[in-house]
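Presented sequentially are two complexes of chain A, the first with chain B as partner and the second with chain C.
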Partner chain A sequence: MPDLATTDSPTQSFCTFRADGRLYGIDLLSLREISTSMAITPVPPAASAVRGLANLRSRILLVLDLRPLLGLPPLPCTEESRLLIFKPAVVQDAGLLVDGGGDIIAVPRDRIEAIEDNVPESKRTNPNQPLSLVVGVCKLEQELMMIIDAARLSGAVARLLT
Partner chain B sequence: MANESGDNDRFIVEAREHLGAMSAAMIALERNEGNAPSQIEQLLRAAHSIKGGAGFIGRRNIERLAHAFEEVVENIRDGRVARNAEVVDALLAVLDRITALVDDASHSDEADISEPLARLTPLAGVATALATTTSAHDFEITERLRQAWPAENAFLYGVKLDWSECEQRLGLSPLAVAEQIERAGHLLDSRTQISGAELAGGLPRPPFWWLGIVSSSAAIDDFIKALNIPCAMVVQLGQKSAPVETKPPAPADAPRAASPASLRVSVSLVDRMMALAGELVLVRNQAMRQAGPVNSPQRRLLRRLDSITDELQDAALRMRAQPVGALFDRFPRVVRDLARQLGKQIDVRISGSEVELDKTIVELLADPLTHLIRNCCDHGIEMPEQRVAAGKTPGGTINLSARQERGQMVIEIRDDGRGIDIQAVKRKAIEQGVKRADELEHMGDRQIFALILLSGFSTAKQVTDLSGRGVGMDVVKTNLDQIGGVVEIDSQPQRGSIFTLRLPLTLAIMPCLLLGSDGQCYGVPQRDVEELVLLGDAHARRRIERNHEGEVLRWRGRLLPVIRVREALARREPFDAAALAEVAGRYHAEGASASQGYAAIIRLGSRRFAMAFDEVLGSENIVVKPLHPLLRPLGIYAATTILGDGSVALIFSGEGIARHSGILNRAIAETAPAVPTGSEAQPEAVLLFRCGRDELLAVRMNSVRRVVAITTDRIEQIGGREMVNVDGAATNVVRLDRLLKLSPYPDAARLFLLLPRNAGMPIGLLVCEIVDTPKLQLQIESRAYKAEGVLGTMMIRGEIALFIDLDQIARMWEKNAGSLPKALAHRRGARILVVDDTQFFQKLVAEHLRQDGYEVTVADNGSAALAMLREQTFDIVVSDIEMPVMDGHAFAQAVRADPALAHIPLVALTTLNTPASRATAAESGFDAYEVKLDRQTLLETVAMLLAQSRRQTDAAGTEQHA
Partner chain C sequence: MKNLKLSVKVAILVAVLLITVAVVAVVGVVQLTRLDARFDQMANTTSRAVWLSGDARIELLTVVRNEKNAILTTDKIKATEFAEQARQGIARLKEISNQMESLVGSNTGSPEGRAISELGRANDDFEKNDVELLALAVLKSNVQATHIIFDELYPRAKDLEEFLTGLSGRSDEKTSPTTVEAGNARLAAGRHALDRFYELLFLLTLHVNATNEQDMTHLEVEIRQSTAAMQDAMRHFSMALSESERFEATSLLGSIEQVKLRAAQVQQLSRTNSDNLARDMSITRGVAVGNRSTALFDDVRKALKERVADEARSVTSAAQVGKEVVITTGVIGALISLALALLTIRSITGPIGEGVKVFEAMAGGDLTRRMSLDRHDEIGRLSAASDRMAAALCGVVTQIRSVAGQLGASARELASVSTDLVSRSHEMSTQAESVAAGTEQMSTNVSTMAAAAEQMSVNVSSISSASEEVSVNVGTIVHSADATTRSVGSVAESIARITTSLRDVARDAKHGSQITEQAKEMAAAATGTMRQLVQAASEITKVTEVIKSIALQTNLLALNATIEATSAGEAGKGFAVVAGEVKELASQSAQSAEDIARKIETVQSSTREAVKVIENVAQFVGQVNVSAGRISDAVEGQTQAVGQIEAAVDQARQGVESIARSISEVGKGATDVSRNTSEAAGAATDVSRNASEAAKAAETISSNIQGVSEASRLSTASAATLNEAAKQLNELAAQLQQIVSRFHVGDRQVAAANE
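So, the complex of A and B:
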């Protein structure tokens, strides 16, 4: 586990994963567990961001798909796929399906830059959704990590379904 | 502080229970029903508990009102205050006020209670009494005191009393008081409360307050009893958390003070247990599926797990159950107030309060029931003078009853009022454009009465204060729909009305039809499914047709709108006319193949529609799990569940999918009569039964000779077979679970034997439960379930029933029992004489019988046959009636007249089929009457008559030996 906490600044831990080659991170404290993929029952005619329902030890989880939420086409589940299951207080009975990853890193807080509202409407690459979920960016040694605010997921999905 | 809010919650829950009981007791008291002293005691106890509780958590207003209430009731008890309607009104007003304060207990002390108190003041020495309450605030619990609190005494009480009152009113000296206190507990601290100001004025005047802190092992009610000082006020100050460990075991002979017959458990805990019991069911189902062969030890173990799981689920369900009495108790009060307001005399009679129902349902019932009862008071029961004029008693009665019937809860509200004016309902329906006059013509009375449940429908001539406050009877329907209940209305002019509510007993477990669409499994609540039909291709009678609005299905003379599940799920937006037309166009285009296999007829209130899907996957009692809140906007799903294989399935909401598919907007009225599609089958009696626990089985009633009850110990093992003696005949016991894939028979001592009408061998089908014998229009679906011995399936009352082919079962059993040679010996040995004048029928009938293993000889007419019978031996004769030379009647009479031939069974085989011809044949001496060309029944009849005659011969033989 790469530890970037070289300075005295307090750190924050993220669960990282990739989508379309980019690195994303979700605050580790918002997750209850990380699971490998499981049987998912589709829920037609919901939007593709709703992958379906899964049975996690007799609790029914709503499985959201990150890719459509970021404006990417959905992909079938693979061995690499991971299901990030949220704490109930963050998103109730829900998990997020990601392409792969599941590493945990700790970064100093002062490296995190909030990007929300900084980017003018006109300069957004995809004006529809992505920026509303990505609330910050963190400079790592090699690349940038986009920070996703899990608490915004239910809102984003609710907008898609109503 | 968490603990404080916990105390508050506990107080509220308890106070509400007390208040409910108090209100009921007040009404009973006013009407002079039951035992008045015990009701007064109950009122006093309840008021005292509320007072104590409120004092404990420092709710002064509630405490003061409860105290005033108690005081007045004491005065009633002691005869100082009359027990009349005014007093009861005042007391009820105080109760209402307390109820309101309890509901918002944390703000109760901000409320102004001077008005209700002022009302009670003339009835009690309330003004002085007010000062005599006590609360936890009067006592100070120091650390020193806590340490002195003995471990064996779990409770800490504050006691406040007036020395002078003890002395003067009760004759208790201070010493006696002290002794009594010491007997009830252990005195930890005390002080006398006389202010310096009072002392300054010379000798103090009473009251002389004494306040003591006492520890005791007894709960508050018992402590008060033990204390036995009526004027002492007691408040609980504290309780040790784990009293059980430190308490010495109670002596066996003394009834334990607080032996709990019931426990207060949080609903969320019960729900969790319910969920876990549900999970256990799933694990059980999975395990059953993977278990080894029928008799393996593993199976036996699983069977035990099976029954334990069932019981656990049942127990968990019952934990959620509440007696409806909790709900019914409020109605005497409601009716009393209404009656007083309306100037009517109305009596409420309640029965079945003890019947239990799921808590959620009880809660949802409160509004509809209140509304119906208000409606009865307001519109149903007449004014006393009107009643007298109509020859009735001046007082009306409302009967409220609850009972369980066929796994449903039935609540009936019956009044003896003026009834519903059906003409007024009709007028109103036309006025409001709900129905047209010609539509009403075709409706039954009950259907018309049901119109009053529609929104905004009120037949009351004037809007009264009571029922006409904006909410109509549609509240009733809406709430009942929510819980899957229905309401039926029946009424007779001047005799009264009956509202019958039918409800499920629980919402946690729901029987569902599981259907497949595009490889996914979905559920539909079976209460919504009226029937399951097979859809054929373009040439079949049952097929989806197209009209100008979309797709329709002809069903029992109606045209029902069709929803294709596949299409409904493929479209996010609700369907509009264009989308419907597009779908219809696609499926009805030239060359389009009809791929959808089944349709479920879904009933929503009075509307029906057909839901088309690919395959039937079965029916199952599913454990309902709520739908994820984010999915609710989709609207088409009602719930989710976990299936036996651990996968998640979605449960449709009938109304949701109808709305999504635009069905509710479509003008196709399901009542619109369609062109009749040929005569429907006549209703036929069907015997519904169960062998194992799971499957509902059915046979035609007319294929059953008799059903007899047997006990398992009567079953004997003879030569590897199970046999039972039925009326002196040894009957083979056929266990259906050995022939078909069914759940095993339960271990029951009492079972039934179903004796088929036409069986070659004496057999009886072992049955564990006879469910019912309804008359139904048979529409047996043979494609959904294919197996030897099963005719097909049919949806009966929301459950899929397997129709059993008794003849085939008998054959399967014979094969299994290795008894085929023996059975055929019956036939091989049997010689049949076929009498017919036409060559064609001679050949045909003889061929059929030969194929079945008989030896057949033919004769051309009756007289030839008679000659042959006298020469050779035949076991049975099958004869035509219309024949030259000697016809069938004459032939039969001749046979019966000849003592040597009279025993031979005779079967008439003819093309005539009238009751008269049947009667004549029977008169002539024929044992059976068969219509030509019905090969199977002929064979069955022959086999049966042969078996019968064989048994008779055998029996005669035995008799001779004996």
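So, the complex of A and C:
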């Protein structure tokens, strides 16, 4: 996780959200804004992780669904659903649809532990098998927060679009 | 300022910070560049010029030393070498001088420039002087003269001396008196010539060493005389010599002949006296020029030192200025940023604090408070939305309050009506009870009467069976008849009372029916009021939905503000705190809306309960109505029964009266006793029959009265239930009013609602 090492602030801010009841976090610096889920136009032949296209203030965003990316069955949007929109530098014109949450927490860096992929990319039998999106875990008082790497999400977007 | 968006404010803040940093950086770079230039000038120009001036001075002193060496050395070759070194030194000096001039520049206005150009001129003078001096120093005329004297003339003198010694030796060998004579004359002439020759050499040496013109002129006269004297002596000596000797001395004499020429040459060289001249020049002009040069060197060094000091001062002042400008710009930028940050934070926290106060007041129930901010940013929109929300809540609460007031009034009315109903039914019950008591008494009386009739019948039988006892028993009969008459009278009185009571009951029943009708209407009105209440509650639910959606939007806004603040890094930290507070406020708003929704839910459930109670009341009122109808019917039946009783009692009275009459007739005529007795027996049987009929009627009445009593008990119970329900309703209305009274909506709205 390169962005954990480069900044020297004692805490790191995360935007938290839930999928299937579990708590996930994404680095706040990779996000541009949080929005309620809006009208999403589905793209019929696309993969299940591509929820569709959304119009955010005259900008067309590719909306990814977190649940299929984590291997969960997709669910319809609810009032609790949130759309996390990335900074263009992290993932160009894309948003991530999550089940709920959208809170911001700052955690001390020493609570964060990186977890490595068990199988390196070079030794994968199936080249399309995606790298795990979860790159780290943060020990909170109540539960564990799994940290999702936006850069790997970007790789996932690239794989989905090719 | 206050109408700008928060993001614009933050952007201005960041821009001011960036501008400050840029200005500080530009000023720092400019000042550092200037400092660099100053240092360069100091290191490359002035310091080098100082160093060169030191070099030049050393060179000058070397040149002077070489000059002195050239002058002082006696060797001409060495003198030439020294002179060559001195010339080279001068050339280097000139080169250094040119370098200095080019370094310091042609700026003749500066003191060091002037000093250097003056030094250049002094060096030129020195060079000119030096060229002459060196030429003289190389000449070495005195040395040449001395050389001629000692190396050419002196050996001639020595040759002559040897020749003379040779001559004297030879004259010793030839000891003829003539030759001795001639030889002595010869030797004397030679010695005289030799003396003259030495004198001339001495004079020449003096001339060479003479330093002033006067001595030289004096010596030249003496030298001329000495030369003439020496020539004379030589001629004498030559004459005195024999032929062979003369031949022997030819070359010697010839060379001495040339002495005059050499002496002239020596004089000329001595006259030239180059070393002295050179020394003079070196001492007088050279020293002056050298001193001037040295003084000028000092000037140059002083000027350059001043320039170095000046430049050091200017470097220090430039550094000082740079430092001051950087510090001033930094401080001003920081102050402006601080002021802007304070302004921004105040413009955010002020209204938010106000908003928190307003929301707290609203949570406490005061709905009159408004933020009323004249702003067009997000806070202004939030304030306007919250004001609209408060106004909507205010309206809704006012409506609820008026509905609750109406409901309370209805409940109070219902309660008073039901209380009335209770008292009425209680009265009715009392009446029924008194009817029952009367009926009981009547029944007792009728029974007594029946018993009396029985007794009478028995007595009549005993009259018929024992006629002799008639006269004895007539008194008893009269007494019994009197008692019967009294009983019948009391029965009649009881019946009259019953009739009155029954009329009262009928009236009460009619009144009860009216009251139940009224109660029904009230219940319907209360139900209508409740429906309005339910509608108002659903409107409040809509308002709370709006509040919740505003709170959600505010929450998102705060989250996005936090993201922006985090992206801004250290500069955004303060703003992140503000965004957190906004988020807190949004969640408080959502909480308040949730509270209101819960309260409204309570109101709605209370209202539903009230509606149920009112329906129960309506049902009970219907039951009361039915009971009243039944009472009315029963009373009708009783009135009829009482009429029958009255009729029966009348017949009984008539019978008793006829008995009394018969008995009095018995008293009048004992003969008619038997007949009368049979009549009496018949009458007594009639009386007995009538009495039993009356007893039967009284039983019917009693049972009817029992029904009335039961009905009125039922009615009383219903009325009590109704009263209970009315009380409950009243309590609910009071509770509702209490809930609503927590909200303070201002006098204007209350007045409007009451209208």
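Please note the rule applied: the second predicted complex is superposed on the first by the 136 of 162 C-alpha atoms of A that agree within 3 Å, B and C clash if a C-alpha of one lies under 4 Å from a C-alpha of the other, contacts with A are read in each partner's own complex, and residues count from 1 in each chain.
By definition in this document, contacts are C-beta pairs under 8 Å (C-beta built on N, C-alpha and C of every residue); 3 or more make two chains touch, one makes a residue touch a chain.
Remember, it's a predicted structure, so these values are computed and weren't measured experimentally.
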Partner chain in contact with A:157 - chain B first, chain C second, else both or neither: first
First (chain B), second (chain C), both or neither touched by A:46: first
Partner chain(s) touched by A:13 [first = chain B, second = chain C, both, neither]: second
Chain A residues touched by each partner, larger count belonging to chain B or chain C: B
Partner chain(s) touched by A:31 [first = chain B, second = chain C, both, neither]: second
A:54 touches, of chain B and chain C: first, second, both or neither? first
Chain B versus chain C as contact partner of A:104, first or second or both or neither: second
Footprint overlap on chain A, comparing chain B with chain C: none
Chain C-touching residues of chain A, taken from the complex the two chains share: 13, 15, 28-29, 31-36, 87, 102-104
Chain B to chain A touching residues, read off their complex: 275-276, 279, 282, 520, 568-572, 625, 628-631, 633-634, 637, 640, 642, 646-650
Footprint of chain B on chain A - complex, ascending: 39, 41-47, 50, 52-55, 58, 60, 62, 92-94, 154, 157-158, 161-162
In the complex, chain C residues that touch chain A: 552, 556, 559-560, 562-563, 566-567
